[in-house]
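What follows is a set of structures to go through.
In what comes next, chain A is part of two complexes: it sits with chain B in the first one and with chain C in the second one.
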Partner chain A sequence: MSDPNLLLSFLTKLNALTGGVFLLVAFGLVAIRQMLTCLRLYVFQSLLLAISALILGYFYGSIHLFIVAGLTIIAKVLLIPWLLRHTVGYESYAKREISQAINIPASLLIALAITVFAYYIAVPMLAAAGAGRFAWVNLPIGLACLILGAFAVTVRREAVPQLLGILAMENGAFLAGVAIAPNLPLFAELAAAFDVLIIALVMGLLTMKIHRTLGKTAVGELIALKED
Partner chain B sequence: MLSRIIFNVIQVIVVLAFAPLIKGILNRLKENVQSKRGPSILQPYRDIWKLFHKDEVVSEDSSWIFRFTPFVVFITPIFVTLLIPVLTDYPLFFAFMGDMLAAGFILALGGFFATLAAIDTGNPYGPMGASRTRMVGFLAEPVFMIVFFTVSFVAGSTIPYIVQKHWVTPLANFFDPSHILTILAFLMLIIAETGRIPVDNPSGHFELAMIDESKGLEYSGRGAALMKWGGAMKFMVLCCVFLNVLVAPWGLAQGPEYWQVLLAIPLILIKIFILLLVLVVIESSLAKLRLFRITEFLGAAFATSVVAMITGLFFM
Partner chain C sequence: MELLIILIICAVAAALSLIPLGKRFAPVVTLLASLVVFALAILAALANLRGGEVVAVRDWISCDSLSALILLLAAFVGLAAAIFSWGYINAIVGAGDDRKIRRYYSRFNLFLLSLLAIPLFSNVAIVWIAVELTTLFAVFLVSFESTPQALEAAWKFIVLTGMGAALALFGILLLYWGLSLAHHPGAFTWAHLVAAAPQMPSTLRNTAFLFILIGFGAKVGLVPLHTWIPEAYSQAPSPICTLLSGIETSAVLYCILRLLPLFPSGAASRAGLWFIVFGLISTGVAAFLMLKTKDFKRLFAFSTVEHMGIIMVGAGLGTFAAHFGAMLQIVAHSLTKSLCFFAAGSTLMATGTRNIPAIRGLIRISPLAGIFLMVGGLAIAGAPPFAVFLGEFAILKSGVASGQYLVIGLLALFIGVAFFSIMYQINQMVFGSPDVILIDEQSLFGRSTLPRRNILPWTCIAALVVTVIPVIVLGVYLPDQLYLLLHNAAAVLGGSR
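Let's turn to the complex of A and B:
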């Protein structure tokens, strides 16, 4: 471990591995049927984001990134699951079959196309900017995860997975962000972390309201306005 | 040169001798997890021995394919064993004859003949199982191809002996995302190809729900023994490819000495035993998927392999 090059190559590979699993989890958020598994996957993804931030923070010697990792763990790994579990009732999570607008193999294929598209956009940018080796991993994967989150919002019909799709978009943006701008002002990071908490809280409460009114959270079926 | 031929023969004998044992250990472990005592780990040997001493019944309406298939199913894993690293990390005498693609094709040949033989007799369950196996097969095929492309692209070769060295030289390569994700995809592929639980229940006895097993229903006596033995060897060969080429190329004989090769035998058995523990955990914690959910399982495997390919292409 004393050789700096060896350490660097290990860190690069570990970061790339984190990125690869991060992308895989984003696929899971698009295609997994069980709602509780989706929530766990989101927590796992946030943990991977924190790991990536830690690796980059160690490499750049940046205290900001350690704080980002700490904030991610507190806000996304601990608080958001707790919030979502308590606002949205248990019976929503007990559901094992989430209906989907497009069937699962087709949506997986579309998700793959999205990933390739994200690389198609990101690689010329990276080459033009002469980015470092961490940005080569984090930017395309973050971008892909951003679009995959949007895709999950489109394709899911339940409220909670849609919310998780939005949160996954935010995760993707952060993963790209820690590599491109490791010295982002701390204030922005704090604001983003609280933003996410508020989003989760508001949407969780909204989901609870929908669940109270309708007895289910399949928002994909809410297609017509109704006057009381 | 002579020692390389002998090692190659030892390799084949190891696969021949230990394949039923691995099947037995797997069955025993599965029963133990369900808090039953389970059959002896030597049970597959007894089954094969018993079947060899029984009379064989062959349908009058079947053609030569039915009689020929057990030999193909039995012989194809042996051919693959000649090509892949089971005990040594350097190529043996016959290894020049084919690469990983050849190994895949030879294994597919056995599956092809088993399918034909299942249709041959006109037993209603045979064609059903055969067509289902083909369905799983053609869904697994793209995964296999992407895994193969990724592995050979990243390692720069299709020869298994070069690929396995690539993953650990330097050791950082082991943590390559394309490596770990390829392992994941290939594990799912093994589960699908050998009919383990999320895809098929190997210990089920209900013909309508069978996928893999119903192909061999018509066989009796010597034919059934060869089919069983061949199936066990195919499983062991796949495990060896998975462990020695993809996951952990440690513990193989590195030098041309006899003791090194003989020491590699218990090591590969230990590695397979660890893999069996993983498989048992997977099989005991998951339920068998409905037939049309198999597309989703293999779709997930496909997504994993494509992610492996993409990360491998861009982070070189």
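Let's turn to the complex of A and C:
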């Protein structure tokens, strides 16, 4: 590892691998029906985000990105799954989601189109900015995951996958963020980690309330409020 | 210094509200806190008029004319909502449940804190967090009545605005990237962004703008993303509707407006075009939806969407006069919509239903609610002696002056349709022989018959009076200080003269 070029090439490849798996996990969140698996996928994705932050932090020699990685692990890998399991209640995870608005092959095809679209948006920006090699991986994949998360929220009908979709959107934004905005003020990072925790808590509590009041968490079937 | 104290007071009030010291304690604390906050906001605005930007913590907490205006509005509407909450929450919670009342006021103060934080913070990343917190603190206020409908509304609210927040976060990170690419040494504040904008790559700036417009647009209620607004506004308690409609939308719109100076001035700027397109679509769709709706709180919710559209068009026209009109419209809308939702809350208390066809002759059932609903309806629809009329007129006039006839023609048409829709619905409710036809699932508070006495709590009347005065006065007379503040705020947006 004494050769700096070798190290750079190794880190780039490692980061590209992390990014690739990150995108794969985002596809999983769109398609997988088991809710507990979805939660595990989200935790794995957060771990990948932390790894990407560590790789970039090591390369740039930035303590700041190490702190971001630490915050991600504490908040998203440890606290959020714990919070969600305790607030939502086990029975909401145990079942499978039966109906989706779009069936799985079709939604995977749409997800593929979304990824291409993300590259279509990201590449002109990367070219205009003269970005480094890490941003070329992280920005398009982060953007793809952001839009895939939004897509997951719209097609999934259960509360837990919708919640995880929103959290995955934030993960996507932060994966792009560690590459393009590596020196965001520390206070902002702390506040953002805190913020994600509250989102998980609030949505978890709301899911529990919905479950208790309606006896189900299929929020896609809630259509009492509309214009007639 | 005032700015820091404002934030501290709200946080302290939120904590104090939880102390179980009788059912009067939490409302009194909230009322006093919001009174002090309003006084401090006036001081901050005056200090701003005398000496320009008020700085509490450099690069973090400061307030220029535009943010002083939003701060002042937020503090005023917060005060009025605190007054109204007293009588309203007592009426809907009932005597026994102290705990629920304390929780309401604690969340109310936290929500107000996050709303006040949006204009107070100048660091863009923190502003994003404040915007996100407004959603999170408001969720359990929207679902306060814990009915299935309220929970459904709260879920739609958090899902849609949560998605929006994530999209806006991406846009904000892109802006930060742009700032570092421009080799600008300053911190990540609105002012430094404007200074660095010419050096940013334009694709980056445009993409960031679009993400923030769509993301925050979900919170403002721009049309494809407006669906949560009628649900949440119809289910939330009326004082919360006031905060959501009067302040939350304007404060988040303020974040979008802050991006306008990043673009080269003139009506042809890309940002201005997006503003006009989104604004016209929102105004038009909302104006027609108002005609169809059968729930008077949804009616006012769609009216919020309509007014946000009008303000967007005004801001997008790109001239200084249009920006001034947009500022005036923000003020007029906040005040008038507060009045409308207080009147809607009073109507709800008097009749127990939100259903428009069920209510006839409100003016005889509860004269006060009827009169204020009529005044509020006329004012929000844009009838001449009221503040909204001035704002709309200023925008239309400036558009004609800059020769944008198509945009102004469409806008005037939509405003006309909206006027007709609102007055048609409200006339139905207010006049006619007194009658409430309760449709069982629409009735509230477990009532099945009309109550004998329809006397509003005095705090509700006080809140109605406090809001109706500026709505009428601003329609005929604009105080010099307020004019100057509006003028300076419009100048921040940097339109061409």
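Assorted remarks:
Methods note: the second predicted complex is superposed on the first by the 222 of 228 C-alpha atoms of A that agree within 3 Å, B and C clash if a C-alpha of one lies under 4 Å from a C-alpha of the other, contacts with A are read in each partner's own complex, and residues count from 1 in each chain.
One rule holds for everything that comes next: contacts are C-beta pairs under 8 Å (C-beta built on N, C-alpha and C of every residue); 3 or more make two chains touch, one makes a residue touch a chain.
Note that the structure is predicted; figures quoted are calculated from it, not measured.
Once the two complexes are laid over each other on the shared chain, residue contacts for A:Val219 go to chain C alone; chain B is not touched.
In the superposed model, A:Ala113 lies in contact with neither chain B nor chain C.
Of the two partner chains placed by the overlay, neither chain B nor chain C lies in contact with A:Ile63.
Judged by the touch definition given at the top, the superposed model places A:Ala159 against chain C, while chain B stays out of reach. When the two complexes are overlaid, the chain among chain B and chain C that reaches more residues of chain A is C. By the touch criterion stated above, A:Leu146 is placed in contact with chain C alone, chain B being left untouched. After overlaying the two complexes on the shared chain, residue contacts for A:Lys13 are found with chain B alone; chain C is out of touch. When the shared chain is aligned, chain C comes close enough to touch A:Met169, but chain B does not. Interface residues of chain A, counted against chain B in their complex, comprise 6, 9-10, 12-14, 16-17, 19-21, 23-24, 27, 31, 104-105, 108-109, 111-112, 115-116, 119, 123, 136-137, 140. Interface residues of chain A, counted against chain C in their complex, comprise 121, 124-125, 128-129, 142-143, 146, 149-150, 153, 159, 162, 166, 169-170, 172-173, 176-177, 180-181, 183-185, 187-188, 191-192, 195, 198-199, 202-203, 205-206, 209-210, 213-214, 219, 222, 224-225, 227-228.
Against chain A, the residues of chain C that register as touching in their complex are 123, 125-126, 129, 132-133, 136, 139-140, 143, 146-149, 151-156, 158-159, 162-163, 166-167, 169-170, 173-174, 176-177, 180-181, 187-188, 201-204, 207, 230-231, 234-235, 289, 292-294, 298. Chain B contributes residues 170, 172-173, 175-178, 180-181, 295-296, 299-300, 302-304, 306-308, 310-311, 314-315 to its touches with chain A in the complex.
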